[in-house]
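You will see two complexes here that share subunit A, one where it goes with subunit B and one where it goes with subunit C.
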Partner chain A sequence: MLKPWLGRAGVLLLPALPTLCALVTTAVLFIAFLLIQGRPAWQAGPLVFEGAFGSLFAWENTLMRAAPLMLTALCVALPARAGLIIIGGEGALVLGGLAAAVTPLWLPALPAWPMLIAMGVASMLAGGLWIGLSGWLRQKRGVNETIGSLLLSYIGLAIFRHLVEGPLRDPNSLNKPSTPPLDSSYQIGVISDSFYVHWGLVAGIVACVLAWVLVRYSVIGFALRVVGGNPRTPRMLGLPVDRLVLLTCVLGGGAAGLAGMFEVSAVQGSANTALISGYGTAGILVAFAARHNPLAIIACAILLGGLEASGGLLQRRLGLPDATTLILQGMLFINLLAWETLTRRTGDWRLWLRGHWIAAPRAGLEEKGETSHG
Partner chain B sequence: MRALKLETIGASKTFGTFRALDKVSLTVRAGTVHALLGENGAGKSTLVKGLVGYSPLDEGNILVDDREYAVRLPRDAHGLGIGMVYQHFTVAPGLTVAENLVLARGDLPARIHWKAERERLSAFMDGMPFKLDPDRPVAALAAGEKQKLEILKQLYLDRRLIILDEPTSVLTPQEADEVLGLMRDLAHDGQVSVLMITHKFREVTAFADDVTVLRKGALVGSCKVADTSPEALAEWMMGRSDDRTVAGERPPVDPDRGPALEVAGLEVNNDKGVRAVHGASFVVRPGEILGVAGISGNGQRELTEALLGQRKREAGAVRVHGEPYHASRREMLDRGVHSLPEEPLRNASVASMSVAENLALRSFDQAPIRRQGWRVSRRVIREQARGLIERFQVTPPDPDRPIGTLSGGNVQRAVLARELTEEVRVLIVSNPVFGLDFASVAMIHQRLMDARNRGAAVLLLSEDLDELLELADRILVIHDGELVFEAPAGRADRAELGAHMAGGGERAAS
Partner chain C sequence: MVESDLSIFLLALLAGAIRVGTPFLFVSLGECLTEKGGRINLGLEGILVTGAMTGYAVSYLSGSPWLGVLAAGGAGLCLGLVHGVICSLPRVNDIAFGIALILFGTGLAFFLGKDFIQPSAPMLPSIPLGGWSDDTRVRSALNVNVLFFIGVALALVLHWGLRGTRWGLVLRLVGDHEDSAQALGYRPAGVRIVATGVGGFLAGVGGAYLSLYYPGSWNEGLSSGQGLMAVALVIFARWQPINCLWAALLFGAAGAVGPALQAIGIGWGYYLFNAIPYVLTLAVMVITCRPDRTLSGAPGELSLNR
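Moving on, here comes the complex of A and B:
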């Protein structure tokens, strides 16, 4: 007899099936890719694991990279709830970072906490404005939000470069144009000396949990599912579609902007072109792997952070060029999209499982209960 | 005689554990029109899909002119001369009539010799009882002409038995009568045999020679039309007599009560930006059903969408209970404006969300579902759903199933359960029973009538004249985006309404 708990676990895990399949096929393809080049492919797996999770240092390295990914993934996942595919997180991140870097210059000297809060708010406003603009263009001007956000991201990067290398440049930054460095009291430190990861990780996890509560339990989250489900029903229900879409864009952009603030105040110390390092783009990958579920984003960001963290080790030990991790990420993305076609099937299987493994035993129990009462 | 005799013996088909068709035997006599009646899900489509090889039968024999053949592929059916006209047009709108006919042939050479083909075509047209100009683009044809083209296409392909799947659902009453009359004449002339799926008794009694009724996949009976009556057929279909009339008293509309819904000078564009509704003005009073009749595509869709808030209004005013109305959620809630749009899965529900969640789409932001000002209570959603599912007989009665996995009738029941609450005061309804079985139709009509009798103002847009004549207090006719005619339902005449629907109002009046 099939066990009901097994069925229930199946129902819970089925949504993860496409992602798990994608991981497996990506691994197979990557091994084939290494074999073609005559590299010792069987060493790659253990190396990735060692570089990502093999030691405390590896964990720190992984989580340090995962933190901004969680926030930039929210920039994709939140608008996705309303049916938008936003891929402009990179622009929101760098503009958020820039806003955070210049806030202390423009405000009077403040104690650390108020200043950090002001920097956070400024970064979220900048990021939220940028992605919100994509949402506004879509709702009011019919501009496709995917293309709109991508182009706006390029514009954002250009504005960032222009300001950092021009008007906002610190004259003392010679070979690496930067904004003036943050006062050390405004820099965000690590969680503890024995766990060398900055507070951005906590911010990322908190943001994901809040986003999860929002989309899963709140009235707004329910309305967002209706808006994302189909374009006509929410209007028939009188839902404020434009406002809801804008809200997800502003919240998502705010998350990406906050990632920029942490990169500036916890890693770089000023806004410079090192901010443009692909976290916004990798966030798209994380959000798709997590199927836009904010809790799953935490896990997927750690996984992808681990892949990036292990890149160095792969390069050194196997003598591979540093583009190899990018190829691995690209393969993962293509595989995720390819396995996405399973989603329709998983819905059917879910129904089947519910019917055969859960409902039936439960109905049996209810019958028993009734006879005992009678 | 060219026409085929077709017989099935013990035709059966199973999908998983569901027996869609159970040992159905029927005979289409050569040179006759045979009607196939049944509710939705009775197995009519399964049977004809098996006959044309689109989805082969699991068991059973197919006999053509008393010889047995296997039909496993559409090609087999073509070879036997069996063809099908589908409910929705399968002609290419960008091509001409001649191109559509020639391209329908599967045996075209790499280079088409148009001169020879045209000669063949005109010889063929000469032998036909009705003609279409071969050079007209299909996009310029009216619905009835497209349906004729579909039939011409079958004849051009030398079909000797033609299956019609609800052929008149897209036609005006006049067009329907003309097309079916032509088919009957062709059949009686010995050119073809016709197997016709329909929902409409009038078409059976007026045009068919024999009729077969299916119910739940099984054969109920088969007889000559002359030997039966609509009442007997309804009983066969339903398993009991159901004359579809709405029960209960029908209190008269109180003319002194102010209008609940007022529309003045409404202008609406279609998707291409072309004006689809011109200066629509009307009022609906509490306790009244105002019917809007019209052939599909004359602006009903745009009008409904503009009233529902799904489409922008270019000009004009809408007032509900005397106040301007902009279809915001607040206004819908405060003034009790609800709706049953057509295609409920697309317009009124979210396929990926569960039945329970779909039943909560009007109430999720109100107490008791809304808790502590921000939270949605799943428990209350499920409890509310259980009650509604039971009262409106939604099957399967599982609140957690995605609504997209339910049949059309059950989606409509679920939407009805949500929209037809006690508080509804204005109801905008569009083709509420399109494609539904009789049990659902009767239930939905009764609920609409109940809402009217409770004092709701109902605007009912429908392409089904019988539905309007049965339910409405007044009937407006929309043609080409304009409201061209109005009549009290009691004095409305089918032929006159039909003439106005077809745009021939002036001719009818003179």
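Moving on, here comes the complex of A and C:
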């Protein structure tokens, strides 16, 4: 009697199996890594959880970090739908932040809302242009997009540093070179005083949901699946491959740029080098952990935001270096990719479970679009 | 005055080409070897940083910089083998795994290297080739590190090895056409694991050069993407070890433009001039790559070309 239920639960859980294996292996490896060095490994685990989700303050800290991660993860996930691996989100983020910071300087004084919208548009244009350039170079010139986007990111960071420490520097910012501070009416506040998280979180969630609708329910999303699946089929079908690829890159870059705008107008108050804090890099991990599914990005961004938020607590309580969370992220990323190899088998296992445990007579016929491509 | 400024600038550029180019040389030779086997390892950036930290730490603890270089290579070998083995599993994307390795290698180096930021370790020796000159600037410019000569020798050996030895031919066969290699009874996965491991060793040595000679200290901002630029550099060099040498010198010179300009008192646009290597890399890729055909000399199994 129990067997069919276990079988059904197994069928439901199978797609999550690689991720679960990765999480368990990461935890084991991380504890082993700390034990080898004689560090307090057993306290580290609960402390990571406490620092991430243990209190309202921890949750606020976590969500504050998750907001830009959702947007920078979209910068990886959307192009990935078309088969591109873009890793230059960091450059798009800082350039977007810079564009948002200079918009009020160059526009006449406007009421808060129109100005915030102008800043958002400017940041998305800057980010979209930067990542769109990577996509254009790949489609038109054959430049590998992974390397191209990263080089563009480095170039973007150099331009950002040059402008912030040179032509656009506020002469009053002595120790920490920044652009002139934003007028307080152009700064984005928190959602409420009892929930101290800025509106970027809402923007991130809305962006992820919109992206999900785009890739799941729109014609463009369907075309993207064809483009990402195979390089020849879409050309035979006459799909505008170049335009589709470019669209995903521009949208993804726009999302990363928007993350920069929120960092400037809700956190920093001006564009300065504190913007270069690794949100772009961590966004790559979030996107891969979510398997480029925009809805899963929301959850993964919160998890990773929590991981980063707990770094301070690990540092204070256990005296672990701040690179601890970096190493944890690296281990997680490695394991997620390595366990991906299981997906070759999960299709077979599902069939086996259906046949032997659930034992429905038409088990084999119910497989629709779920067969594995060994 | 102008002429002397120009000569100082050119001298600084020449010295920089060798000084800045040496790590490029090692990393690109390692990447060249890996890619000849049909895999791409973006994680060399992370390996470079780990190598730099390991080299510095071992040199400090043992007092011998050469032991440090060896340990850096060993650390690189380990990480390279991890990449090689895990990417041999079906359905694991080597490019994505390289990105993960960058994150892991950097994290590992920052974590373990915290204690070695302050103390100073013994440095690698260099050979003074400028003894004939009275000018101290010429002398310091012609102080060439031993590792550079080892790198040049290595480029020559690899150039010959890939053409003239059984091992080199097997590696190229595996990289060009996996099925034929399998039909001849070779095991492509094994060959690739070895190639990636050796590639990691070379990248680790390149990292040791960074921390033990130039810039010559261990800190968290030591590497600035040399490991990733090396990937582009190998494409530019068309997968030829000898060309890797010239390309590395060119990139070294590009990276030396910023400091060279500072040497003659031009402080403007420091960050922009430091970005020249990236712009150069991008320009080189735009010029050499074409969407409709694969490059001549590119290994056929390389995921970069698909």
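The rule is simple: the second predicted complex is superposed on the first by the 331 of 374 C-alpha atoms of A that agree within 3 Å, B and C clash if a C-alpha of one lies under 4 Å from a C-alpha of the other, contacts with A are read in each partner's own complex, and residues count from 1 in each chain.
Operating definition for what follows: contacts are C-beta pairs under 8 Å (C-beta built on N, C-alpha and C of every residue); 3 or more make two chains touch, one makes a residue touch a chain.
All figures in this text were calculated on a predicted structure; none of them were measured in a lab.
Colleague: When the two structures are superposed on subunit A, do subunit B and subunit C clash or fit side by side?
Modeller: Fit - subunit B and subunit C, as placed by superposing on subunit A, sit side by side.
Colleague: Return first, second, both or neither, reflecting whether A:G330 touches subunit B, subunit C, both chains, or no partner chain.
Modeller: Only subunit C; A:G330 stays clear of subunit B.
Colleague: Taking the superposition as given, does A:V250 touch the first partner, subunit B, the second, subunit C, both, or neither?
Modeller: Neither partner.
Colleague: Of the two partner chains, subunit B (first) and subunit C (second), which one does A:I188 touch, if any: first, second, both, or neither?
Modeller: Touch status of A:I188: no partner.
Colleague: Can A:C208 be said to touch subunit B (first), subunit C (second), both, or neither?
Modeller: A:C208 contacts neither subunit B nor subunit C.
Colleague: Between subunit B and subunit C, what opening angle does the Cα centre of subunit A see in the overlaid model, nearest 10 degrees?
Modeller: It is 70 degrees after superposition, to the nearest 10.
Colleague: In the overlay, work out which of subunit B or subunit C sits against more residues of subunit A.
Modeller: Comparing touch counts on subunit A for subunit B and subunit C gives C.
Colleague: If we overlay the two complexes on their shared chain A, which of subunit B and subunit C does A:I147 touch? Say first, second, both or neither.
Modeller: After superposition on chain A, A:I147 lies in contact with subunit C alone.
Colleague: Just checking: does A:A158 make contact with subunit B only, subunit C only, both, or neither of them? Give me first, second, both or neither.
Modeller: A:A158 contacts subunit C only, not subunit B.
Colleague: Can you work out, in whole Å, how close the C-alpha atoms of subunit B and subunit C get once everything is superposed?
Modeller: 5
Colleague: Quick check on the output: what are the common subunit A residues between the subunit B footprint and the subunit C footprint?
Modeller: No residue of subunit A touches both subunit B and subunit C.
Colleague: Going by the contact rule set out above, which residues of subunit A touch subunit C in the complex?
Modeller: Those residues of subunit A that touch subunit C are 85, 87, 137-144, 146-148, 150-152, 154-155, 158-159, 161-162, 165-166, 231, 281, 284-285, 288, 321-324, 326-331, 333-334, 336-338, 340-341, 343-344.
Colleague: Okay, in this complex, where on subunit B does subunit A touch?
Modeller: On the subunit B side, the touching residues are 308-310, 327-333, 339, 341, 346-353, 357, 360-362, 364-365, 370, 374-376, 398, 400-402, 405.
Colleague: Hey, which residues of subunit C end up touching subunit A in the complex?
Modeller: Contact set of subunit C toward subunit A: 42, 46, 82, 86, 89-93, 95-97, 99-101, 103-108, 110-111, 114, 224-225, 228-229, 231-232, 235, 269-272, 274-275, 278-279, 281-282, 285-286, 289-292, 304, 306.
Colleague: Once bound in the complex, which stretches of subunit A touch subunit B?
Modeller: 217-223, 225-226, 229-230, 232-233, 235-240, 347, 351, 354, 359
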